[in-house]
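Both complexes below contain subunit A, partnered by subunit B and then by subunit C.
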Partner chain A sequence: MSSTEKRLLKEYRAVQKELAEKRSSIRDTGIVDLHPLEDGLFRWSAVIKGPDQSPFENALWRLEIDIPTNYPLDPPQIKFVVFGEEKIRQMQRKTGSGTRKVCYKMPHPNVNFKTGEICLDILQQKWSPAWTLQSALVAIVVLLANPEPLSPLNIDMANLLKCDDMTAYRDLVHYYIAKYSAYESNDV
Partner chain B sequence: MADQMDIDLPAPAPQQAKKKRFEVKKWTAVAFWTWDQNNETCAICRNHLMEPCIDCGNNPNFGANSRTATHTKCPRAVGVCNHSFHLHCIDTWIQKRNSCPLDNSDWSIKDILKD
Partner chain C sequence: MATFTDPLDSITDPSDWADSSFPNLSKLDSLLRCHICKDFLKAPVLTSCDHIFCSVCIRRSLESDKKCPLCHEETYESKLRKVLLLDEISSWFTRNRPELLDKHRPTANNTPEPVAAPEPEKPAVPLRYESRKKRAAEEPLVECPVCSTFMSADELQTSHIDSCLANKRARPSPSRPVISSFFKKERTPQTQPEFVKKKTKITNLDPTISTNKLKEKLNYWNLPTSGTRHQMETRMKEFISMYNANLDSVNPVDDRVLINRLMKWEGTYSLSKTAGDTEEDGAQWRRKYQKEYDELIKQARANMNRINTKLDSTD
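Moving on to the complex of A and B:
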């Protein structure tokens, strides 16, 4: 077992322990779920909740996490799971067996609308091995409430903020949440 | 009759004062200690700093011949920012970026502690 896997195993145990607690601090930070996928420790899946008092409040998003082989020296690659309109329609029709309703679009100035890619300095040049998957996810939740319109991946959303049009910004986010959420199927 | 009644006379005061009110029969001192460092866990591998790093700790040959020929133990490095890490861990990180993982300041070693 490589030292990367050993460290990931440590993180896994810590996260599972916290998630199992009824009243845990990990949930208060907006992390609903975080677990490795079945094929080992290098691909993880997470669910986060939009922070209170932000347009994203109470809605859920799924993220996929790819771990580089020399983690934690290199940052994990984290992006939002986004689907095309067609696929989301299909999922909505199926009324999946899952109980969690997740939004599959992320309209945010620092998230690529098509790919779900996130622009966040600590996931790139400001990364430090002292961060964990858990703390990186907390940073993403915080980013939702604190967008940075000066380094945008989604220029339209950034422009709304630059024009200080909070009403349009909030309504657009609510529109996407209402239109592109679906109950997830159990195969994720 | 009155002079035969039992009257509790006040005890002679000077003699009482000489007797100690308390006497220490046993005294047990208790002390706690921590290292004079800001962190006790290596933020890079998440092992305790008193334990070897994640690589050495799981190496069955550790102690006999660990990663470096000169060290049979896993020394700790303390930076000028007073954050400490396993020397093995911080060595691999500063090849990426010469900064303290905990406060992002420029990393330079203040001390290397071998146990």
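Moving on to the complex of A and C:
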């Protein structure tokens, strides 16, 4: 077992234990789910909840995580799972198959609207091997409540913030959550 | 996910103590862990910013980024100082952890999940024996007036005092061997074996080193010179990290053991995988952009045809 795999197993074990508890600190940070995919330890999937007192409050998003072979020296690649309009409509038609209602669009100044890529310094050059997948996800949840309009990946959302039009910003986020959420299929 | 369950049992983390009768031990458990590998500290070293990591972990990390992973302050390999006492504490804890965990296990009926109890069930007999031993240890000890040995009052009164008085001379006083055995102890704490003192750390690899010089270097350390330049470089770098980290350990191993570990590391991790990954990436890339490629090829062919027909018509 390589040191990377060993460390990932440790993280997996710690996270599973915490998620199994009904009231745990991991849930308070907004992490709803975090587990590796079937095909090994190097691809993970996560679900986060929008932070309280932000426009993203209470809605859920799914993230996919790719782990580089020399993790934790290199940061994990994390992005939001976003789909095109058509695919979301299809999923909405099959409603009731899953238990979790997830939003498949992420309107946020620091998230690429088309690809779901996230612009966050600690996921790039400021990454430290002392961080974990869990702490990286917490940073993403915090980013949702604290957008950084000066380094935007979504210029439209950033402009709303720069104009200080909080009503438009909040309503747009609510619109996307209402329109593009779907129950996810059980196989994810 | 069945593949994860087997290795998981050998994976420990501080939350193992949560259901024990002394959950506070999880604090000690987490304090003794390296922030990079999340495992117990091995050959811990202190950075110039007063943070502690496994020697090999921080050396690998500093190779890519000369910053402390905890405080982001600039840190250099040359500034790392070994902390032998902590190495001893950490290895003691690692060695005794299974037993400690076992002794602090809650009674059988409140351990519902098998995940929480990775240690195999102990048979009833040793358990009872242990509890007797424990009880004995808890009783205040008294000194035998004849031979000055400490033991439980019960033992002294029932059997020892008589036998001690009966053959006082035949029984060597246990207090003397204690002193001599103290001096004969395997090794004084917080010292490394002599052979380490003769060794010096290998300086980091100069990235502009010629391939021949690199091969010479590998040969010098009895390392294989197979593979591409990149593979040789990675091998040499990892060996330097391992070798230097070994010199920070309170229980250093022989160079041959290190080479063995290096070969294992190469097998399970980096070289084969990085080579495989690039191929896989290529295949993925091809699959991902297949449509665009097809489209481009089609366009190029159409252009060619148009030019050809144009040429034909001008002819």
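To be clear about the criterion, the second predicted complex is superposed on the first by the 187 of 188 C-alpha atoms of A that agree within 3 Å, B and C clash if a C-alpha of one lies under 4 Å from a C-alpha of the other, contacts with A are read in each partner's own complex, and residues count from 1 in each chain.
Following the convention adopted for this analysis, a contact is a pair of C-beta atoms (placed from the backbone, for glycine too) under 8 Å apart; a residue touches a chain by one contact, two chains touch by 3 or more.
Note that this is a predicted model, so its numbers are computed, not measured.
Trainee: In the superposed model on subunit A, is it clash or fit for subunit B and subunit C?
Mentor: clash
Trainee: Between subunit B (first) and subunit C (second), which does A:Glu18 come into contact with in this model arrangement: first, second, both, or neither?
Mentor: The answer is second: A:Glu18 touches subunit C but not subunit B.
Trainee: Looking at the overlay, does A:Ala130 come into contact with subunit B only (first), subunit C only (second), both, or neither?
Mentor: After superposing on A, A:Ala130 lies in contact with both subunit B and subunit C.
Trainee: Which partner reaches more residues of subunit A, subunit B or subunit C?
Mentor: Partner with more touched residues of subunit A: C.
Trainee: Determine, under the contact definition given at the top, whether A:Pro36 touches first (subunit B), second (subunit C), both, or neither.
Mentor: In the superposition, A:Pro36 contacts subunit C only.
Trainee: So, A:Leu73: does it touch subunit B (first), subunit C (second), both, or neither?
Mentor: Touch status of A:Leu73: both partners.
Trainee: If we overlay the two complexes on their shared chain A, which of subunit B and subunit C does A:Lys10 touch? Say first, second, both or neither.
Mentor: A:Lys10 contacts both subunit B and subunit C.
Trainee: Thinking only about the overlay and not a real complex, which stretch of subunit C clashes with subunit B: 239-247, 275-283 or 293-301?
Mentor: Looking at 239-247, 275-283 or 293-301, the stretch of subunit C that collides with subunit B is 239-247.
Trainee: Quick check on my understanding: which residues of subunit A belong to both its subunit B contact set and its subunit C contact set?
Mentor: Overlap of subunit B and subunit C footprints on subunit A: residues 1, 3, 6-7, 10-11, 72-74, 126, 128-130.
Trainee: Going by the contact rule at the top, pick out the subunit A residues touching subunit B in the complex.
Mentor: Residues of subunit A touching subunit B: 1, 3, 6-7, 10-11, 72-74, 126, 128-130.
Trainee: Looking at the complex, which residues from subunit A come into contact with subunit C?
Mentor: Answer in residue numbers: 1-4, 6-7, 9-14, 16-18, 20, 35-36, 38, 40-41, 69-70, 72-74, 126, 128-130, 132.
Trainee: What part of subunit C is in contact with subunit A in the complex they form?
Mentor: Residues 1, 3-4, 7-8, 11-15, 18, 35-39, 57, 60-61, 64, 67, 69-70, 72, 113, 115, 265, 268-270, 273-274, 277 of subunit C touch subunit A in their complex.
Trainee: Which part of subunit B faces subunit A closely enough to touch in the complex?
Mentor: 43-46, 54-55, 58, 89, 92-93, 96, 99, 101-102, 104
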